[in-house]
Amino acid sequence: MEINCVSNDTAAIITLCGRLAGRYPSILKKKLGEQLRHNSRIIIDMSQVSFIDSTGLGVLVGALKKAISREGDIRLVSPTEEVRMLMELTRVDRVFLVYSSQQLALKSYSEN
Amino acid sequence: MNSLIIIREKHYSWLRGLGSADHPAMVTICNKPILEYMVDFIVLVGGKKIRLVFEEPDGSVEAYFGNGERWGVEIEYGNAQADDTIARVVEKNSSFGEQAPLIVIDGLLFIHYDKNARYEINPEGPGTGFLYNSESGSISYSTADAAERSTLVEFTPNLQISTPRKIVNLFRITMQVLREEQHRYVIPGYGADKGVILGRNVEIGKEVKIHGPVVVGSNVRLLGSAVIGPNVVIGNNVIVDDGAEVRESLVMADTYIGRRLYISAKMVAGSKVVSVSNNASIEVSDEFLLSPLKRSLPINIVRYLFNVCGAFLLALLQLIPFCIFFTLGWLKGDLRFNKSRFLLSSDGQTKIFRTPSGFRTGAIDRIIRSLSLDRFALLKEVFAGKLQLVGNRLIPDTAEGREFVKDFSGYSPGIFNYTEADRLDPGAAESEIAERFYSANRGFLTESKSLMKALMNNLLYNT
Amino acid sequence: MRILELSFIPTLDNAQWATIAVRQIVETLMKTVKVAGIEGMDKFLSEIELATGEACVNSVKHGPEQGIDKIQVSVVFKEKYSNFIVTVSDGNKRYDFSDREPDFDALPESGYGIYIMRNLMDKVSYQREKGRNLVIMEKEIKQGEE
Amino acid sequence: MKIRIDEMNGIRTLALAGRFDASATGGFKDTFKGLLQEGAANYVVDLQKVDYIDSGGLGSLVSALRQTRSIDGDIRISGLSGKVRSVFELTRLHRIFEIFDDELQAVKSYRTN
């Protein structure tokens, strides 16, 4: 799995690519931890995540809690059907705001 | 009237892989195989013999339907080939077509019959023809001396017939049956609450909420504070873990639904989830969330309950006779009991029990034995979980006994034993075989039978 | 518990008798332990009979000449698992006991034997031991309740 | 195993009885060879009285079927008992042979196509 980070004034954009499972959730957790120290407004582009397991979801939720406690948020960009369904099953879909593109997600941050 | 039901791959293959490994015709609607609805319908219209004709035969269907006794019809099995016409199938199964009127169901149809209605076919004179015909299947008939093809005739009263061809269809039909037509079919289980049908051996946690209509299969555990319904069918052998919520969904047999999962408008089979709204499906490989279940359940608890219930019933029955005859026997000096130490399990636990001596001393003693009252004092051991109600013969704690029990890992003694149930000589080889065989093949049915046999034997052969 | 041990001079007729003997002894044992009531006992027996028959015929056919080295058949009943184990052994050359499925569409005229054994029995294994071939077949009595 | 040969409407019928196992295949093959030499192409093999069939028996049926198909003939099967039917199914022969309830229908079926 690839994890790429780009930061700008409004938010940090993390693009994930591949399977968020196995050892990658803990790597992502570290990355998100670092990122949260600088900027608590995060966008995660999930459009290229083919698979996510419950640990992966757990990392996202854990990071979201931290972000909110720092008045930030984690917003997701176009999760695939598979990921979206798993998020629904685990009720995680209720706590994340989901956007169809990075631009829209960025715009949502700059609006408030 | 006789009937042929033709099961062709092209009508059924899309159901493969949904739920268990059984034949797709065994996929269920409200926990009843689709094929069984067809059989029910044939029985309802007066069928006496049914032959299930397969292009790809399958043991699971035969294992389920057997010879049809349970449905009150004769069920047989036959073969056909993929491109056989209906006429050819009828020809191949000639013992079915000639003497009696024949109904042929070809394809996968869900017939929305009503078990309380009467259906009649009204052909004008002899002939053959279709009662229903569509791309996914047909129902045709021929009268005994069919020669001429007559026009399309219809059942009276009229029937709705669904032709499932996609998972979504199956879901809709199930919902229709669940919400509007429950009363029309015999659905396995018993009605617990309004619109709620529960199967055998269903464990429901204290805080579980069930909102009907809901149909739950057998061997199901709904744990913790799970929320089930409305509009849910749960198959056999399913665990819904604490805090999960299932609504507007079908959970197929042998599935585990993990803690706090939220299942809405889905079909779940093992680790496969299909969204009913857009037919998208995913395979969840995380076994903590969803996973197929092997068919095993906490049988020990159930066994213990079975034992305790049996022992309690027996104690109720025996209490008064026990008081009377033991007092009499004690006054008369007829009672001879030995105290000795017995082995409780193959790992060498022991306990002292009082058992009747080997000698029959008098009339009262005979009565006590014939009514099995000599076991009364042992019943408390069942409640304590030390003895089974029906189990192996108690083996005395001797060097020989310990040796014997050591290589008999299934040894689990009971107040009543298999040897006496089958009236075998305790020393003989048959007794050893029976003891080992039954303990390896415990089942509630066999045990209830053994108990009855033991009680009857005591009654018949001690007087 | 070993309930039958027999050996026969390899001819096709003897193979037939050995097969019938195995069926009979299994039936007798099942009746002794009163599982006669289980549904499908006849099917169970027929399946054991057919698998044993295939193994015996196989041994006879692979023998160098009829009537030299005896073929041995044994039946063991494991009460703990209610399992029958039928072993057929011969002194022939090593077999190719692969679990390849025959290519049904090509209308094969032989090669069904091993496939039949594997499908009728719960477990079929092949061993080579002290210059003998051992075909070991296991089948469990499954009762139709709980 | 016993084999009774008959003829109906120009179709040869072979009614087998007994155990159709490896020791019986020789007899069956010889009989069948004889019939082929007489020039008959269409057959019905009735297995109603066969209570045991093994791979040898099945193999000789398939071999016979091949020979008849090569001369545009066929072998149709009738009267499978439950036991024999399950062996047919196991070896997928139900897909290769046309299977009928009774001999007469199988014979008639040659006329209908």
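Order of writing sets the labels: A, B, C and D. Residues in every chain begin at 1.
By our rule, contacts are C-beta pairs under 8 Å (C-beta built on N, C-alpha and C of every residue); 3 or more make two chains touch, one makes a residue touch a chain.
Since we're looking at a predicted model, the values are computed, not measured.
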{"item": "Minimum number of chain-to-chain contact steps, chain A to chain D", "value": "2"}
{"item": "Two chains joined by the most C-beta pairs in contact, as defined above", "value": "C-D"}
{"item": "Centre-of-Cα separation between chain C and chain A, whole angstrom", "value": "61"}
{"item": "Between chain C and chain B, distance of the C-alpha-averaged centres to the nearest whole Å", "value": "32"}
{"item": "Centroid distance [mean C-alpha coordinates] between chain D and chain C, Å", "value": "26"}
{"item": "Centroid spacing, where centroids are CA-atom means, of chain B and chain D in whole angstrom", "value": "40"}
{"item": "Multi-chain contact residues (two or more partners), chain A", "value": "none"}
{"item": "Complete list of chain pairs which touch one another", "value": "A-B, B-C, B-D, C-D"}
{"item": "Chain D residues within the chain C interface of the complex", "value": "19, 21-23, 52, 54-56, 58-60, 62-63, 65-66, 82-83, 86-87, 90-92, 95-96"}
{"item": "Complex interface listing, chain A residues touching chain B", "value": "51, 53-54, 81-82, 85-86, 88-91"}
{"item": "Complex contacts: residues of chain C adjacent to chain B", "value": "1, 29, 32-35, 39-40, 77, 79-82, 141, 143-146"}
{"item": "Residues on chain D engaged by chain B in the complex (per definition of touch)", "value": "82, 85, 88-89, 94-95, 98-102, 104-105, 108-109, 112"}
{"item": "Touching residues on chain C, where the partner in the complex is chain D", "value": "12-13, 15-16, 19, 42-43, 46, 49-50, 53-54, 57, 60-61, 102, 104, 107-113, 115-116, 119-120"}
